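Naming follows writing order (A, B, C and D), and every chain is counted from residue 1.
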Amino acid sequence: MTLLSIENISVRYGKLTALRRASITVNEGETLFVTGPNGAGKSTLLKAIAGVVTPREGFIRFNGAHIAGKAPEDIARMGFSMVPEGREVFGGLTIEENLRLGTGMRADKDQAARDLEQVYAVFPMLKDRKDAQAGVLSGGQQQMLVIGRALMASPKLIAIDEPSLGLAPKVTDDVYATLLKLRDSRGLTLLIVEQSATRAGLTGGRMVLMRAGQVALEGDARQLVKGDALRQAYFGYGDH
Amino acid sequence: MTAILQILFDALSLGSLYALGALGIALIFGVMRLVNFAHGDYIAFCVFAMLWPSIDAAAIVFAGNLPTYLLIPLILCVGAGLSVLSEILVFRRFRNANPATMMIASFALGFVIKYLLLMLYSSRPKSIDLWSNLSQQIEIFGARIPPLQVITICTTIVILLALTAFLKRTRYGLEMRAAAENFTMARMLGVRANLVIMLAFALSGMLAAAVGLILVTQTGTVDINMGANIMLVAFVATVIGGLGSLPGAVIAGFLIGGLSSLMQAYLPADARPFRDAFVYGAVIVMLIWRPNGLFSSKAAKQRV
Amino acid sequence: MRNYLKIGMGAALGALMLSAPAAFADDEKIVVGFATAASGFMQAYDKPAEDAARIRIDEINKAGGLLGKQIEIVAADTKSDRAEGAKAGLEVIDKGADIVVVSCDYDFGAPAALAAEGAGLVSFFICAESIKAGIQGVGPNSFSASVLAAVQGATMAEWAYTKKNARNFYRLLDTWTEYNKGICDGFDYQLPKLADAKLVGEDTFKNDDASIAAQITRIKSLPQEPDAIMLCTMMPGAVSAIKQLRAAGINSMILNGSGVSGSYWLSAVPDLSNFFVPDQGSVHGDDPNPKVNEFNAKYKEVTGGDPSSQYVYPGYVMIDVWAKAVERAKTTETAAVVAELEKMKDEPTLFGPRTFTSELHHQNRGRYLITEVSGGKPKVVDEWTISEPIPVDYLASK
Amino acid sequence: MQHRPSIIARTWSTPVILIAILLAVALAAVAAGSGPFNQTVIEIFIRVVLVVGLYVFIGNSGVISFGHIGFTCLGAYMTAWLTMLPAIKKSKLKGLPDIILNAKLQYGWGLLAATVFAAICAYVIGKVLMRLSGIAASIASFAVLAVIIQVYSNWDSVTGAQSSVVGIPIVRTIWPYFLCAVIVVAAAYLYSISRSGLALRAARDEATAAAASGVDIPRERLIAFVISGAMMGLGGALFAHSVGVVTPDTFYLGLTFVTLSMLVVGGMNSLSGAVLGVVVLSIIIQVLRWLEKGIDAGFGVISIPNGVQEIAIGVVMIVILMFRPTGMTRNRELVWPGNKLSADAGALPSPADGKTLKT
């Protein structure tokens, strides 16, 4: 069942076009990798879904509702949780405060408290330092924190921008292992922007390759990584 | 000893006024990077709200006649209301504008409020007697201290504690701190941006009202420019404290108030008229010494 | 065109005029031009005096006019702004004013007065109390209708010394305006002339200081409370200072300038006592001269309110003395009117005598009513004229 | 870049258009022949000098300064000291050095001295301040203004404290003011196409990149600061000769905000914005004032109550900024039609031409 469908959206920054009539769908319960070279419009795609940038044209439907042009907080409240590029922890807040921020939209306070314990169970390191300021955490720890924070909102879909950026491979492995575990245990849908197609191939799931603001290729991640089509699409069809 | 105690008290009471003003400015700056030059005019507006509009020389006290337990909440509401209204009508449309544009817009708003008051009440300062028994002095260890000073200092401390508790312990406080640090990310976590900003404006407006109430009790005068001086010092204090840092703003407010009182007490008579020149000279030195303010560190920007 | 104007007293003033708009005289009527503030900060100060001036003009017109002609009024708003003041002055001159009435404060009135001076017209500051409001700051055709601020300070010092046996004086100056300094200048001039009176301390503050606690501490730490505090300040800071002084338990008599005249602010300091203000006339309805009380009634009839302070009166005096000079000169021509004005010596008016000389177009001596505020109620208790005028040299050097 | 025509060839039309606008204003004053209107036009020219002076620093460096009116104060007093009659100085301002005490110069020399004096002071102050940036620089500049005003307000023997300095020759013809405005506009234009101006704007738009390519930001800022300080000093001297009275409080927050507002409403980063901000806002203010006095529209007098003008101008400014947050000119320069330029940069080339946005 389709959870998120993006139809022909275009986004421009001034004179620069970041997305041209891009269309993507995400099905419930699946893992979708979005990959592509720098400037392909991957991050813009996530920002458009999150409501941080407004598309000039096209539709975005999430969980049956049109969300293009809505405020970020409203989209978040519909069950879309975003982990942006660069992690964006609130450095001045404590770790627990960062986590609690994610629960603002929830009415089920008891469940939220249980979720907190669950997040701590998944990331015991966070519990140990729950009263420390988030700004002092290392990159990998911050990544754990923002994923945990996104989970606290009890979302239907988590979108993660470059979870491996700036992390050691070992740490990245951990992060992915955790994500998959959560997907299976919570019935989450994952939308992951990942520059490294290899990583997508390792993890498995569906993959979309973007180039110059458009979807250039789509298919099963493991299959695509093996073939030549990906490399061709990644670098363009011989025009470089 | 008595003299030192006295000077300490004088410095604290002036400093707490500045601190309250700085808090109101820092709060808004933290959440939306706006230096609100209309803050001083909010202070005047709140005080004028106690009077019936008239251009006669003698003040017609209107709301000011209400019993204290009604008057204080009313004036606080006036401050909050005016502040929120200016957010809705003006500042909301400047969310993405550059700081200079916002600054000038806030200045223009202050200009409008000031001239509105001028039209309604005329420029002649009005007098109002509010809780004047609070100004009768009591002696403590030989220092003479009016209850009002004690109340001012206590109010500042209480407001500080309450604000800290609000920011630390409540959901809205958490969201406000988050919004102050990273507005977009906070929204992506479902923090209701408009609500949080309006709340910050409401709090800031109440702080303006509190300053207005203390000032009018102390001076007995209602004047369209009464907030201007405090606003300026508060603005400077906010920057010296480290923009966006609430404790920094408060401490810098006390610092400037203290410095000013000390200079008044210890400068030779000929140099005393130059007091403010020395104070601002010290401000320049402080800025060159710590351009990012006294309480701002790059790693973890602490906000209360 | 360049003309250097030489004026007496060694204090000369140059005005380099590259173009002077020609004023035209209308033979059918006499025009009084008000270049005063109809809006903004100064409006509250200019308007009452202007109303009083209009009352006098109305009286003259009803009595058959001046030189048989009706007086007409033209007005331009200075917006309480200096640059606008120059424009307002030029505007009333363009409209044919024979005399230009300018703002109550020297700083705000000077641009319009200088415009009048440039056009060769008489200008009158409606109630400015700086020596500059006249020859010294504008030129030989400029006058002020009020009394110098210094006279107020000197009056209070001499009166308190003579009538209240004050010996130990304290001087508290608000450095905000020149007016405030003027009061203290007069006080400084007078004090050494009073045998065994001494200054036991002095301090300054600023009108917009949120608190004068440090200044109060200094007074409190004197070995003995001073007999009198000369408080040289004005609204709005005055109220704040008085309130804080009294709240601190300082009960010395407080001597003031006329800036705190009137009762409109007394509610802020309930039960204020031992507080003295010099007034040119009483706004409290107890003036020894019943004609002043009649004027007050008339003022209320015209404007709908009682005079708020003594600063209403100079407006009336201004038209009064100018009209007399015009009658005597039998023309509105500037040189003749100025000559007649300069002949006035102790010319009686409703609000004290006026003297103008070729050195000074202002009052360096004047009769003042002393108003005492006791238990929060103002009352005229005495009348005082300083024994000697304050020398022009002394004033001009300040 | 290499194939583009020279900077002057691409941009000369901007100062020409702006000066033509000023000339039109001057001719309007001549045509009207009314004393007060003449004075209004003089005031417009003075404000052009001041706001363009602000633009040279703020527009090119991107640092908001609240302190420039301090130089206006310095300039006004300097010309007052030099041009007033020695007799008055000797009785009132005894603390002045003898050379100034005995001077009695023509106002033209006064203007020159004011400009030079303000430039020297700007150099000294700039040396200390230019290492600051952002809001710290703004506040420090405000503190400088406060110090200057406090000193001038209290230094009895030299400035006469709050007491107004009088006896300054009054100049009521518009042409000296017009000439100064033209000179300032031309100088601001020349600065902005100079190597220093270009480097400073590069630093404004891309601080790190500019620093990396060898731009000494504090030094370029200091040059702009000195030039703009000189212009502010000239503006102050002109003000002194237009009104004939000088007091320190004239040059404080009121004038600071009026000039800053005109700059921001016009378009803070463009010379055209500085000039247009003054001209357009002055026209609006003038129309509102006529309305306050009442305009006979044939079917009756249209008028607004006294004091509404100030409220209205505040509202007008807010509305303009709401719809044009970057000012009326959107930070672009006025250019001759056909002399098309890349919209990014406006007529004055900005190194941000090719800058890319991150996705």
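Following the convention adopted for this analysis, a contact is a pair of C-beta atoms (placed from the backbone, for glycine too) under 8 Å apart; a residue touches a chain by one contact, two chains touch by 3 or more.
Keep in mind that what you see is a predicted model, and the values were worked out from it rather than measured.
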*Leaving subunit C out, group the remaining chains by who still touches whom.*
one piece
_Measuring between Cα centroids, what's the chain most distant from subunit A?_
C
*Looking only at C-beta pairs in contact, point me to the busier pair out of A-B and B-C.*
B-C
*Distance between chain centroids, defined by C-alpha means - subunit A, subunit C (Å)*: 75
*From the C-alpha centre of subunit A to that of subunit B, how far is it in Å?*
42
*Could you put a whole-Å number on the gap between the CA centroids of subunit C and subunit D?*
36
*For subunit C, residues contacting two or more additional chains*: 39-40, 43, 175
*Return the residues of subunit B touching two or more other chains; collapse runs of consecutive numbers into ranges.*
118, 228, 273, 276
*What part of subunit C is in contact with subunit B in the complex they form?*
39-45, 80, 175, 202-206, 208-211, 213-215, 217-218, 220-221, 235-237, 239-240, 243-244, 247-249, 262-270, 305, 308-309
*Contact residues on subunit D for subunit B in the complex?*
58, 64, 128-129, 131-133, 135-136, 139-140, 142-144, 146-147, 150-151, 153-154, 253, 257, 260-261, 264-265, 268, 305, 307-308, 310-311, 313-315, 317-318, 321-322, 325-326
_List of subunit B residues in touch with subunit C within their complex_ = 3, 6-7, 9-10, 13-14, 17, 55-59, 61, 118, 122-129, 132, 135-137, 144, 146, 148-149, 215, 218-221, 223, 225-226, 228-230, 261, 264-265, 269, 272-273, 276
*Would you mind writing out the residues of subunit C in touch with subunit D in their complex?*
10-21, 38-40, 43, 76-77, 79, 82-83, 85-88, 90-91, 93-94, 106-107, 110-111, 114-115, 118, 130, 132, 136-138, 175-178, 181, 396-397
_Residues of subunit B that touch subunit D when the two form their complex_ = 35, 90, 93-94, 96-101, 103-105, 107-109, 111-112, 115-116, 118-119, 228, 232, 235-236, 239-240, 243, 273-274, 276-277, 280-281, 283-284, 287-288, 291-293
